[in-house]
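Labels run A, B and C following the written order; every chain starts at residue 1.
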Amino acid sequence: MSRAIYWISLVLSMLFLALPLLLVLPLAFNESSFLTYPMEGFTLDWFKIAFTQPPWMPAFLNSLKVAFGAAVVAVVIGGLAAMGTMLSGRFGQIILSGLFISPIVIPSVVLGVAFTYAFGRAGFGGGYISLVLAHAILGAPLVFLSVMTSLKGLDPELERAAASMGASRAYRFRTVTLPLAAPGFMTGALFAFVTSFDEVVVALFLAAPQSTTLPIALFSGLRDRLEPTIIAVALMLSLLSLMFLLVLNWLQQRSRYKTRGK
Amino acid sequence: MRNANGNRLATVMLLVMPLMIYLLFYLYPLLTVASQSVDNSTLYEQFQTLSEVVEEGSPDERAAALVADLVAADRRDLAEAARNLNQERSGFRSLLINSGKKAEEIPPTMEGLIAFDKRWGQQVYWDILARNIAPITWRHFQKASGFKPDGDGGFVQAEGDDIYLRIMVRTIVIATQVTLLTLLVGYPLAYAAANGKPRLATIVFMVVLLSFWTSILVRTSAWVVLLQTHGLLNNLLISLRIISEPLQLIFNRFGTVVAMTHVLLPFAILPIFNVMRTIPVSQSDASRSLGAGGVETFLRVYFPQTLRGVAVGGGTVFILALGFYITPALTGGPSDQMLSYYIADFVKKSLNWGMASVLSVMLFGCVVLILGLGSGAWLLFKSRKGGH
Amino acid sequence: MSSLEIKNIDKFYGATQALFDVSLNIEMGEFVTLLGPSGSGKTTLLKILAGFEPVSSGTILMNGRDISLLSPEKRNFGLVFQGYALFPHMTVHENIAYPLKVRRVAKDEIDERVTAILDLVQLGKFAGRYPAELSGGQQQRVALARALVFKPDLLLLDEPMSALDKKLRVDLQEELRDIHRTLGTTFINVTHDQEEAMHMSDRIAVMNHGRIAQFDTAFNLYRHPDTRFVADFVGKSNILDGEVVQEGDTAMFRAKGVAVPLPEAPTMLEAELMIRPEDGTVEVEAANDGRIYLPGKVLSSTYSGDRALYSLAMDMGENFIVYGSARSGIHGDGARVLMGFAPGDCTLLRKLNG
């Protein structure tokens, strides 16, 4: 009996999780503009539209620009924050970690409102810079967490060993700590990039018309007119996510230093 | 630690920049916007002369102060002030704007004011002014909660004024529904990923991870396509002759909850999976060898140990669901929108920072409450465990 | 006068004191071992020498220079960690070259010295491997090579053998002693394995509860321990609790059922007498040869070819362990025997209070 319950619930849950995308994404190749089965023939037209007609390509490029900038800034602040926090005392660590992680739990609408208001008052309103900064704040906690995790996983004896061999603090940091924590930085960067690349809510508040990002374009498309181009874009985004997942997997493998013979 | 000074210096150097950026581009925006919930500087600055005499001064002093303030007022600021006051009593806008336009011609006495517009003779207008020109205001909180001072130090709630409280309750209800559903659907998946045969476990885990990494928008759009009136699901049901007319599956509570559950599912599964992974299989085997059946073993040995994961996963989903915006906006109807929607609405439609700020504070308060309850429960749990 | 002088070191961790007035004088080129039970403060002392922990009071002089405030990287001491602490992202060659790069040694010379030291630890073939691709023993030798390649003034080893199995440990002890002889560097080794300590060291500092119980050669620790703790910790021993009395012109040690004449009058009144298992014999009847014979019965015995180790229940109430000849058979369990020993082979121990 317990087996039956397990299998039925597993199959149903699995269908719920996987089926929507599996059913919908193939419609990107449907010749008809009605998003339903049976498909009326195979076409790549919708992809062609996505690549040639506005707003898709410019929005995609904007998203790349913003996500790249946000990831860079997030890695710098999240990484520095993690390293500084690691060096502080126990109490300091609790306070600083709480501060640096906190943007995660703040609803993005609240952050969106706050950024719009403050950036507007400071006079650099909407646009690329403010979007990058806002997304960097959203990404920094992820970098912070992943760098902290990899720094905490380091054997403190390694640093001591380097010290006993005469290496100065800076040299130790550069040659031992940093290389060993590098996968943490890269994982964090990836998370920050994806977070920014997928982010809608804050972007809706901050993006100026000329800095519309892909998620905004998708969001407006979904709200105004549901057409197969949207599904084509969604399909490509899913493939991109798959790629990110593979990169992440590769990073995690690398950090284990299992077999690296030369 | 050794060489404490060197350490402290390095720590400070590393932390300076991140702290500065957090302060300038995160804490400062949050605090300024939070302060908007009680900020009344527009009105306060507008009526600064009046605010000094409004409580104690004689009628003529008050009238003179008001006229002076109106003369000095900038047109646009006055319109804004009038809009705010109009929320307290309709008609105030025209009264103030008209008085403002002609302020130079009005004699600065109570008589003169009343002669210009006899409404100035009514005490309510002066009371409203007195209440609303202090540097801090509870106006927005009153509006959000529907509770207004009744003049005797108590509070009354007018019929139909509890709209934001009801939205708040709706937000919590939807978040709860979504949380329960994600746990229900997520638990078997986490179990299969942690304890299934290697092949199955890998497949389930990969699907979960892939879903986690797929953009929320992409997953939401899949649901829109599935659930819309002439969408996949309706067409399927019709062609199977289960229904003859399309069902309304989207732009209502059903669509919202289903899509949100799907979108948030990975956040419930991953914590449960992480806990399950640490529970040795031998425990269940041991229980069964002691004569407990499969169901009993699960309920008495396995499930209680996974509760920590369930709590973390459920808490995460609940907090995320509270602040959800996109998915309800795309799959919900007007009566399924959550607090976030109204916050965004106040900013986009009317630049009403005060209300947006109050609702933000309320939403954030909910999150903090949940986090507080969660960490409290965790501490209690830890101390109980330590006491064994 | 090249030497390491440790003077009156106290070490507190918060309120708990881990070291009490520790003083040691170590000569250049010596192989010294810190030996003691778990928690006795060996690692603490080693960390203080390496510079990872500050002293609470006291000084460390290296060739007369006070180094107690120097940071670890300025001490020029090699250190072999218990877990080896090899850098996982560097090859064996890069690991060993690290201290030389720090010292800005020219590239050619680095290669030369790394190759030479790798030959010394017999790992020439493994230069290109990563630590994860080496066995425990090989990793241990890389750690050793890395700590020695920059010609440190002092080599500190924290339980370098503890993670290895018995056979490998013995081989490496041998190798370590050879390397010590070849290089002539001062070695300070930490262990709680007394055999390892006796095997390798010129002198051993026995530690107990944060104090140096005795600092001496292996021979002296074994034959002339100062205290019961050292006697017990270093080798097997039988110890009698009693008092010293003056009878005529001889001083006598008296315990329940025994009286042992002492060669010279000691200063203490309460004392303990130690008899090593190999100083006693197991007999059937007493001879009149000045030795003392005590009656008892065999509890058990372990035969090891050349001799047997007996566990005896003495009539006076103690249990003794004694080696007996096994040339003409072994006494069975329960057999009544006599344990004989010469008074001159006994060692009188100071009795510590508490």
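Quick note on the criterion: contacts are C-beta pairs under 8 Å (C-beta built on N, C-alpha and C of every residue); 3 or more make two chains touch, one makes a residue touch a chain.
A quick note: this is a predicted structure, and the numbers were derived from the prediction, not measured.
A.B. asks: Which interface, named by its two chains, has the most contact pairs?
C.D. replies: A-B
A.B. asks: Could you name the chain whose Cα mean is nearest to the mean of all protein Cα atoms here?
C.D. replies: A
A.B. asks: Find the geometric centre of each of chain A and chain B from their Cα atoms only, then give the gap between the two centres in Å, rounded to an integer.
C.D. replies: A distance of 23 Å separates the two centres.
A.B. asks: If you average the CA atoms of chain A and of chain C, how far apart do the two points sit, in angstrom?
C.D. replies: Centres of chain A and chain C (C-alpha means) sit 57 Å apart.
A.B. asks: Centre to centre, by mean C-alpha position, how many angstrom separate chain B and chain C?
C.D. replies: Centre separation, chain B to chain C: 67 Å.
A.B. asks: Which chain C residues reach two or more other chains?
C.D. replies: 51-52, 71-72, in rising order.
A.B. asks: Would you please write down the residue numbers of chain A that are in contact with two or more other chains?
C.D. replies: If we look for residues of chain A contacting two or more partner chains, we find none.
A.B. asks: Given the complex with chain B, which residues does chain A contribute to the contact?
C.D. replies: The touching residues are 1-3, 6, 9-10, 12-14, 16-18, 20-21, 23-25, 27, 34-37, 73, 76-78, 80-81, 83-85, 87-88, 92, 96, 99-100, 103, 105-119, 121, 133-134, 136-137, 140, 169, 194, 197-198, 200-201, 204-205, 215, 218-219, 222-223, 226, 230-231, 234, 237-238, 241-242, 244-245.
A.B. asks: Residue numbers of chain C touching chain A in their complex, please.
C.D. replies: Going through chain C, the ones touching chain A are 50-52, 71-79, 81, 83, 85-89, 91, 98-99, 102-103, 128-130, 132-133, 146-147, 150.
A.B. asks: Enumerate the contact residues on chain A facing chain C in the complex.
C.D. replies: It comes out as residues 155, 157-158, 160-168, 171, 175-176, 179-180, 257-262.
A.B. asks: Okay, in this complex, where on chain B does chain A touch?
C.D. replies: Answer in residue numbers: 6-7, 10-15, 17-19, 21-22, 25-26, 28-30, 32-33, 36, 185-189, 191-192, 204, 207-211, 213-226, 228, 230-232, 235-236, 262, 265, 293-295, 298, 319, 322-323, 325-326, 329-330, 340, 343-344, 347, 353, 356-357, 360, 363-364, 367, 371.
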